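The structure under discussion appears below in the form of structure tokens.
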């Protein structure tokens, strides 16, 4: 029973990681560094709150998240693909931009600097089987399916083969009539959609947008992408691993065996270790970050 | 040639600022305020009086350090996204040294010791990604980002478990090594946080310029950044330069920590580094990785930051944060475009020069 | 196909203009190729051959001019349209995705599908049968990263044929092939021609042009300057058309009077202490295979030792080991009296080693540095004072070398990137040869430079030899090796399979050694 | 534009991180400001600073404009307010939650006469809601969700624990914190999962002191049908029916009182303590939650209140005290 509760909680915690990391894999596989995941998630969360507020339905919230994510992705795409701006810088800028503008529009729309009003979301009240209730949230299922589906897409479909080619050697793809920039664009929009759904999960699960509510989850997702070596299934395992560590900390409640600071470090430390090649060499897509 | 280079340096920021101004107008209008009045308020609250100038200079001091940090690594072809953690670590190092030193120690000894500790600790944090990059080829972008989280959590643990004053998030007051305020010498800055750390920051910019463009080590560092294989061929030990540049970069960011810890508050406080590390990227970008450009860009972003406060009663502070992000985005976008145009122009000029000379050579 | 269309040429390009920023790559380029023809496209480096063919393949849209294929105007078409119309191109540089398999690379962009998924099994079968049909053998399941260059080249051709190319463009396909592989390629091309296919072949090797083509188009400075039938044309005619004047092709030097040979040969036999000694050297490649295997070599003052061989047989690794850019497993390298073990690149340079690297864009120059700064690369420690670089001495050095080596434009602060290839190479030559040295490693010293510069560089090398320097020359250009060397070593599979006095050598003699057929 | 400060009553308020709309702490101060505007005719200017030096700069901006009263919301303003009060003797200052400096033996140092520290004995209110949680919870287990793991929040936990143990010595308090950075105050996702874990372990009531993170706790209460206790302000509206009560701090009243004192020219400096005795802290008992709190329990809490006010119960304010 404890174990089941543990697993279910780890899955719930993993959902935003899984979605954002799927976006990260997609983005990096077509050659665009996914530093903007945090911003994309946050924009998705805000879009979800707006959509749900005005559309009075969580589905409208999902739509809102996709619209917001697409908007931010467009910025990212124009800067990195059309103008070949440096991807690291653009990623950082996108994060700043979303953090600032969600708060600005929070003030403008809801006259608050930290919270939106309560909006319709997924999950009812006083549900009898609490442990399973969150699984009535469709986003959870999307999250669980995202990376396996992405694996299928990347390794089994023409789109995936082309995406991988574009991320490894764009010139080669171009000579075979695979248009590089449109491929990248498609990859990025898919990535943006996935990451913003990760944010939407947070907002719709909370029935509310809170300023900065992604709280670094985009970076944990990025860590998972690298720790999982850009392979969807491995990345999914990494997400579950990181979520498991977090769950462990939550479940151990106050039994402060290890200071919480050290538990928080786990994903980051593991990623650095992975990068140092201690758990097997981590090789990024060859054209990652190169815009020509 | 120098003209095109100057154009390349100056054009993108100018374009970006134009764009930002338009965006700013729209945002202000969206809040139902008059852009003219808000801009006037922003200027008045920053460059309008000595206090405002002092505040801008104070913020520019930290930003100069983090901007230089990013630029120095950038010149070696590395992205130091970890200035945030290095800045905090540097400030922490300065604070610990200041706490350990006897209060009676004269400032001429205590201040340099604290400065050195700040640079040493910041440099040590920077050296980690440098070493991992040099040894394993690990992406310094990712390592520095991850290290930010690790360093901040670690410092948080040390402060909250060992070093804080009751009920607060800060260390006790530092007895030795405090840097005097600028107001102690120039009364007009009274009240503002600007302090003599600014002198160290400007000196750091000058030294960085000299180092990068006038020394052998700088020549080698830039060569590594432009073309590592050519540098290796030219006898440069590339891994050593990668490590060195990240350590120097971390040290510069660490120096920035002094501004708050020794120059302003006199103690280390959790979270003081918030945002300054990432803004350093913006500063270096707009300053085109050139120490003098960075001094100018630091002033620009400090003005925006302080200006956000000045107009805060009227429009949300996030207005200027949005503008900051917009400036970064548009500069990052404009740079390759401008470079492309200018490079094409330069190439055709050189080509025609070569052709001319060839023709002359043939005729004689 | 209507009678009208069948009479139309397979390719007709007229007045094509293509510029990149300020650089004019094609000014007024024309090309007419008939169906069932192998057509050679020649011209100096930078003449615009690759650009013109990329326009034809739909990779670039031209700024002016018209393109017709089989009588249909297709100006500015897309790659996909070109592929659909049966135009395939094998590029100058490999266009393969190293992490994917051969089959995946071949089908990329026109994948066989089963429902929504790729039918990889079918892809493998199709590639297998294609291999059989045209006699190009590779394992469809192998990853590109694990192939040899020759195999990779085959995959490139397979890619075009898989898409049913009726018009096949090959951009310098033989640069990386051994002579038998070249012969194999000719067989494939001739079979294609017999099948009604059309081939455009770009090459710098004029003997190949004579050997395989039916007609020739010559380009110079972005424009087409002449069209010739191969029958009755000599390499000299082609060369004249290429540069617009008579040239002393190094081909002619073969077997003819070789300046200074006597001196070089004398020094070799004199038994003076070698300037460079390599003994039992074993070096690994990046891929972890043995690249240089138990190799020994001596170079004496006043001789040029040329290494002939197909690229990828360990020449790069050998030179990098000698230069200090690569560690070696076992063996000894001795520079004059100094054992190189533990010596850095810089130390070796200070003990008199100069090095013209094979790839000036990657290694030889920092493209964004000025000419002046590039002229001190590797010697920067000699231009430093205690407080920094000595700017006035750097400027003086630049002025001197620019004048001596005729670098154009003669403006020291211009970035190297803005210079033409030949002048960029002159910077490298000036830096490495314009100073005191005893041993010179010269790798592909004339690669990618025009005929005029080749002459100049060859003169410099000979002069250095005559001045008593020891030179190790590595070139993919066999005639160049034959023309310059006093002794010639043939490198195959990481070893010297033979070392002969140059006087005893000919292309015919060396060919079998280069392929490992003779040992 | 910023108010003309030559006449009338001008008040400036500088918020802590989170700013307006946090539905607890800052909103308390905001409410006080709004009431001062309505009831006393004050003109109120609000500033939301960024990090670091912006806090002092914000206060100084207001002080330099000649405001009659400048209020910093949060202990983090302590040093800045102290320094500015000395520098601007003609401006009155107030600091909500000020951590008053003390001398070497622990006695508080005297404050300037133009500075008022508004201190709340959160532990007393927390004690009461702790007792309430134990009495209503019925499961021998109660929960506590803290925001950032720092001394200020430990105060809430300490009082809460003491309250629980006082009425139910065998009860367990499961306490957990959302994190170690200021982000921990705005991570409702984490808050919800922490709460769900506690509810799953048999906890029926959770008290949160975690800013926006607590919104997740309410969300968890809604889903599970269990109870949560709000903090700072009455948080009933966050999850009607699932909010047992809120441990309220009378920040609005304390702000209003300070403005009123300025208006009546009665402003005095020094530490002003708001505990149960002063009605400065307490818990909500009104029509909204009456049904959730049995009469006997209410009576027990009244008795405890009386004991604390009378000093018969000493409530600890740190985790170390017992």
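To keep things simple, chains are lettered A, B, C and D as they appear, and every chain counts its residues starting from 1.
By definition in this document, contacts are C-beta pairs under 8 Å (C-beta built on N, C-alpha and C of every residue); 3 or more make two chains touch, one makes a residue touch a chain.
Every value quoted in this text rests on a predicted model; they were computed, and no experiment measured them.
Interface comparison, A-D versus B-D: the higher number of contacting C-beta pairs is recorded for A-D. Seen from the Cα centre of subunit C, the chain whose own Cα centre is farthest off is D.
Computed from the mean C-alpha positions, the centre of subunit C lies at a distance of 75 Å from the centre of subunit D.
Taking each chain's centre as the average of its CA atoms, subunit B and subunit D sit 38 Å apart.
Subunit A and subunit B have centres, each the mean of its CA atoms, that are 29 Å apart. Among the residues of subunit A, those in touch with two or more other chains are 113, 216, 261, 264.
In subunit D, the positions touching at least two other chains are 48, 149, 180.
Contact of a single residue of subunit B with at least two other chains is seen at positions 153, 156-157, 316, 321.
Shown are all chain pairs that touch, namely A-B, A-C, A-D, B-C, B-D.
Residue ranges of subunit D in contact with subunit A, taken from their complex: 15, 18-23, 26, 48, 149, 174-177, 179-180, 183, 186-190, 192-194, 196-201, 212, 215-216, 219, 222-225, 238, 242.
Residues 37, 41, 45, 51, 55, 58-59, 152-153, 156-157, 160, 164-169, 191, 193, 260, 264-265, 271-272, 274-276, 305-306, 308-310, 312-314, 316-317, 321 of subunit B are the ones that touch subunit D when the two sit in their complex. Of all the residues in subunit A, the ones that touch subunit D in their complex are 5, 9, 12-13, 16, 106, 110-115, 118, 123-127, 130-131, 133-134, 202, 205-208, 210-213, 215-217, 247, 250-251, 253-254, 260-261, 264.
Taken in their complex, subunit C has these residues touching subunit B: 20-23, 323, 325, 344-346, 349, 355, 357, 362-369, 373, 377-378, 380-381, 383-384, 387-389, 391, 408-411, 413-415, 417-420, 423.
The part of subunit A that touches subunit B in the complex is made up of residues 33, 35, 75, 78-79, 83-86, 88-90, 92-97, 99-101, 103-104, 107-108, 113, 216, 219, 222-223, 226, 259, 261-262, 264-265, 268-269, 271-272, 275-277, 284, 291.
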